[in-house]
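Dropping a structure here in structure tokens format, bear with me for questions.
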Amino acid sequence: MGGSIFGRNLKVSTWGESHGKAVGAVVDGIPAGLKLCEADIQAYLDRRKPGQSRFTTARSESDTVQILSGVFEGVTTGTPISLMVANKDQRSRDYSNIKDVLRPGHADRTFLAKYGIRDYRGGGRSSGRETIGRVAAGAIAAKMLNELGITVSAYTRSIGPHEITHVDFDEMNNKLYMPDEKTAAEAAIYLEEAMKEGDSVGGVVECIIKNAPAGLGDPVFDKLDASLAYAMLSIGAVKGFEIGEGFKAALMKGSENNDAFCKGEEGIQKRTNHSGGVLGGMSDGSDIVFRAAFKPTPSISIQQDTVTTGGEDTQIVIAGRHDPVIVPRAVVVVETMAALVVADAVLSNASCQMEYLKCMN
Amino acid sequence: MGGSIFGRNLKVSTWGESHGKAVGAVVDGIPAGLKLCEADIQAYLDRRKPGQSRFTTARSESDTVQILSGVFEGVTTGTPISLMVANKDQRSRDYSNIKDVLRPGHADRTFLAKYGIRDYRGGGRSSGRETIGRVAAGAIAAKMLNELGITVSAYTRSIGPHEITHVDFDEMNNKLYMPDEKTAAEAAIYLEEAMKEGDSVGGVVECIIKNAPAGLGDPVFDKLDASLAYAMLSIGAVKGFEIGEGFKAALMKGSENNDAFCKGEEGIQKRTNHSGGVLGGMSDGSDIVFRAAFKPTPSISIQQDTVTTGGEDTQIVIAGRHDPVIVPRAVVVVETMAALVVADAVLSNASCQMEYLKCMN
Amino acid sequence: MGGSIFGRNLKVSTWGESHGKAVGAVVDGIPAGLKLCEADIQAYLDRRKPGQSRFTTARSESDTVQILSGVFEGVTTGTPISLMVANKDQRSRDYSNIKDVLRPGHADRTFLAKYGIRDYRGGGRSSGRETIGRVAAGAIAAKMLNELGITVSAYTRSIGPHEITHVDFDEMNNKLYMPDEKTAAEAAIYLEEAMKEGDSVGGVVECIIKNAPAGLGDPVFDKLDASLAYAMLSIGAVKGFEIGEGFKAALMKGSENNDAFCKGEEGIQKRTNHSGGVLGGMSDGSDIVFRAAFKPTPSISIQQDTVTTGGEDTQIVIAGRHDPVIVPRAVVVVETMAALVVADAVLSNASCQMEYLKCMN
Amino acid sequence: MGGSIFGRNLKVSTWGESHGKAVGAVVDGIPAGLKLCEADIQAYLDRRKPGQSRFTTARSESDTVQILSGVFEGVTTGTPISLMVANKDQRSRDYSNIKDVLRPGHADRTFLAKYGIRDYRGGGRSSGRETIGRVAAGAIAAKMLNELGITVSAYTRSIGPHEITHVDFDEMNNKLYMPDEKTAAEAAIYLEEAMKEGDSVGGVVECIIKNAPAGLGDPVFDKLDASLAYAMLSIGAVKGFEIGEGFKAALMKGSENNDAFCKGEEGIQKRTNHSGGVLGGMSDGSDIVFRAAFKPTPSISIQQDTVTTGGEDTQIVIAGRHDPVIVPRAVVVVETMAALVVADAVLSNASCQMEYLKCMN
């Protein structure tokens, strides 16, 4: 079982390696009747494109998406949407230093253990380029959600120890995608220093989903937060997930952590949102707020101890075009993966009450 | 889509409500040829049983499991294993105070929003009793893993602010399942105080998986850590998941967080285990170590503001038999859910190399 | 992968062996808000119960169903519905003659080859009793469809060479479930003769689905007819499936086989129904009509050549309580499996147009 | 739920419409270590290519496949294999006569009913070109099976009333892919006559799978024959499926239809093969033999009554490049779909016994 298909009612099959001919995704399950064009998707891909700033790899890719199927006269037809982005800048460089050496923090050793073979060119299937298929597919999910009034917005919450003190999307016009100008400036300095040392840093991405109706997600295994956690940890470099108070909830008393319900203008509301918008695995009508922790990029230019593929001790220095921090480019990956989860939950809910089935006639 | 089926090659369908006739699970995909009897499963169920100490609900249930199918002459046959536990202590008490009121921190409001109907007796499908099916199924997975030399062990890492300073399984003979006697004693005092106030507390469960071969899990969506995160967040009350350094990794430099490979006696090893045993979504041969954060039990006897099902403001005091902390009984749930994830990954791997397919003849 | 779960949005996990403690099914995905009680299901089970006539096995089973979960105050809640039927008449007879011998036409040899082990008591998992779970689950699907105005009706089309000449449900009050009294009488005589010889016979079941809206089923793999074919061939003893003209269509010209569309009173209609109600994998608004061919029961009392489990030549005479024809009892199995397929297609369709998603608010 | 993904452990996502930019498939689950190049796949695609003879559409397409991912240095890596074939000959002809009219026997009416929108250019997703993805994916499955010694071979059994009298693959060098020269010649004359009348004909494809080990397929829903039936009926124009004696089994007695087991040189054998190589849903070690019935091509140049999309009566004459019989080009579609089913069953079996799991170390 390959494990490259995501979702239940909305299924995304991604494919492609860093140095193959192209990368892409097939999206099966988008309802008919959604207006969609390549620009809708390109806007998202541009946010993860390399070469946006000095904090991202210099690999030169336009990452132009093509819709190959499933859209007719500007509207989805209900059939699979095939998306493709060509790999252009596949430098014919010498991989011999990587070919026979296992890079620390990367999947080299585990690919070899699992499959007995690995595509060593640029990380192969574990390359960050794999996320292109996710972002392209998730952009469609986000469009679908927007039509239903639901928005998904991610941003950088912290870079190393520099954590934002507030969220103001008007302040997000910086290359770190931090909605707090002052912290963004401090984080940039921190990052510059790490780069000088040939080192890399990590950070946290936060995501807010607004206007999701109460009741999305299932009460047992396919809880909305379980699906979000799965989606987030499926992103390379993510090491942690939390929703609402997250790990802090473990330190709280029930009387502090419970959100009181109250009568609001538009029905039932909560006075607080410690839950992060999910109760019992289902959205509770409040904003859904979660965080994903990213480890520092494993590719660093400092010399590291490691072994050859044959198991002998050696050292490695990783040169080349690498992001000193993955977080800013990962923001749109978090956002689109979240959109896929929520869109899937919306599709599932369409058949959860007998009443809804009568809408089809 | 119901969302009550867990797993890919190893599928578990759980069923049952707190106050229905029984709860249970159907386990499909366990290989033929595994020795199995009810005592194997009962040992795990006894660890989650209510009434073990003054820190757990006084509901009286023997929680005796029956194997209804799939085992013949003490061995699994490869067909579905149906497991059932009768609900015995369903007190015919008056639910009228809960029936029309939405309990803060519970799934009452979200069930109603999703389905337009809710089984208000004892939390219905969101009851902790739903985990009986998980534990029973996961006990079989654990047995299967043990046959292959893999062990899964969970324990309480913290109760409120009281976190263990070391892990010594010889010190785990306490009702909080903490492998550190001293911290366990402090946590017990903390818990007593919360109980006196009618309040509840949270905590963190940690789990270690030993002897898993390198290469379990898939490199893209179905990463081993993504599946573990999904499994953990699918447990009611879990608000966060992290593997290896987890959220701390976001504060580290690449040079600190990367684990150097080295030549070991039995092949390739890592000098450190910041990764928590997973690289690129696949097990890396080191111990797999992850944590799940549990919120405080939402049922507290302190008066809370809330609304009626009709949306009018009211107050509620939740009396009755409730756990002041869910963590100790959740330890075995974490352990068995992890066993299901790892067993599923083992089954998936059986077909991931052409070489393995030749084993069948 | 166990292969005992049926369906996509509506998932049925069946479990149980002939001589285990019970058989049953878990049904996940039935929408909330469907009125349901045990009598709804029992009516279907009674149609497949043994001992209805001299043409069915004399095994004595009341086959009383219990609903263990998922229904509250007479209405489905949207959570899994667990259904169980106890095995009562498990005669403690001597299986030694079957234990070490492979019965021709049965799954004894294939179970052993696949799993290396087999439950030889009464066919184990391959017993006709496995269909109890299907019928119980399908009865719920049928109830759901009825609420939407869709009906599914199966009947015996032929027993051996005796094929009905017309379909009149008023004439179906016979133990062969043939809607043609005269043919039923002839078939009964034919069957008596086969029984005297210790032999068995086969037949064909036909099924008509009325009032299905156009558009059920998917245009590529999950075609409605493909799903029906899968469902039918998944019933033990079925060797063929056809829809509409079926195999006869291979002999027709396009000009004969195409159904002309015309303007009808309630919209677009077809002048003929050679298609059997499905075009391009989707229901076309006409009656859906298909057939399943059943082989003769493999258990016969005539002596047969075979081998021992060790592979040595031997003979076998199968005594005991066996149906000389499986068709009459299979009618309700065909009907309920078809109901599951159609109900699943209805649930899938609830999310196939953007318009439908707006029904949820 | 889109319904364009086939398989369980071996998953194929096909995409593409007749007049889109391309068609293709993503194949997830092929084990690592299989030698594979584009020529392996092209050989199969060439068998379904248009323009092979006067009996096939004159649409000019080279149908050249590109492998975009999943293969490295000539060997599969275990990651998804993306396959693409560009659509070249998309004549910019006038579709106005088809745009507003529903063609009898086609999916025009059902697409519109389901999705509220249809891509009317050349059948859109229901075009025969959709099978390119199936054939390309199935070619890989066939290669995998060949490595394990299993072969899958399909051929035309009948065209209209002309049915082969024997199977001799040396006689299959004809454009109808009939392994019987004499019948092929007669069928060609029959076909010419139908073409002169502007009409079309149907036929039957048969498929033989050799050397499959006993035990493939699951005993309940995912029976090998159920999966084959699903695969066959998922091919457009297929109206019937039968295995072994098929519908004839319904006319036989148990004593005739049962296959006696006997001691053979290589273990247990069957004296006859009425079962068609499957017992109880699992392969029984004999050749697996099944048939699929194809209706006549619905596109005919004879005038037909129909309606407009608005529901008004009208007539249609379908001009253009259409196959007067689909059967010869469908032979390779049957063969490759069968290969996908069998390969999937092989992958599933890799985890069905505890013994097999030990092969991984």
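Quick notes on this structure:
We just call them A, B, C and D in the order they show up, numbering each chain from 1.
The criterion applied here is as follows: a residue touches a chain if its C-beta (ideal position, glycine included) is under 8 Å from a C-beta of that chain, and two chains touch if they have at least 3 such contacts.
The model shown is predicted, which means the values in this text are computed figures rather than measured ones.
Interface comparison, A-D against A-C: more C-beta pairs in contact at A-D.
The most distant chain from chain C, with centres taken as the mean of CA atoms, is A. Per-chain CA centroids place chain A at a distance of 26 Å from chain B. One finds 44 Å separating the Cα centroids of chain A and chain C. A separation of 38 Å divides the Cα centre of chain A from that of chain D. Within chain B, residues 1-5, 8-9, 14, 29, 32-33, 78-79, 114-116, 125, 213, 219-220, 347-349, 351-353, 355 each touch two or more of the remaining chains. Contacts from chain C toward chain A in the complex involve residues 1, 9, 29, 31-34, 78-79, 144, 147-148, 213, 219-220, 346-361. Contact residues of chain B toward chain C in the complex are 1-5, 8-9, 11, 13-17, 20-24, 26, 28-30, 32-33, 66, 68-70, 72, 75, 77-82, 84, 114-119, 124-125, 347. Those residues of chain D that touch chain C in the complex are listed here as 1-6, 8-9, 14, 102, 104-107, 109-111, 113-116, 125-126, 130, 158, 160-161, 194, 197, 199-204, 213-223, 225-234, 236, 239-247, 249-263, 267-268, 271, 275-276, 279-285, 293-300, 302, 304-307, 311-313, 348-349, 351-353, 355.
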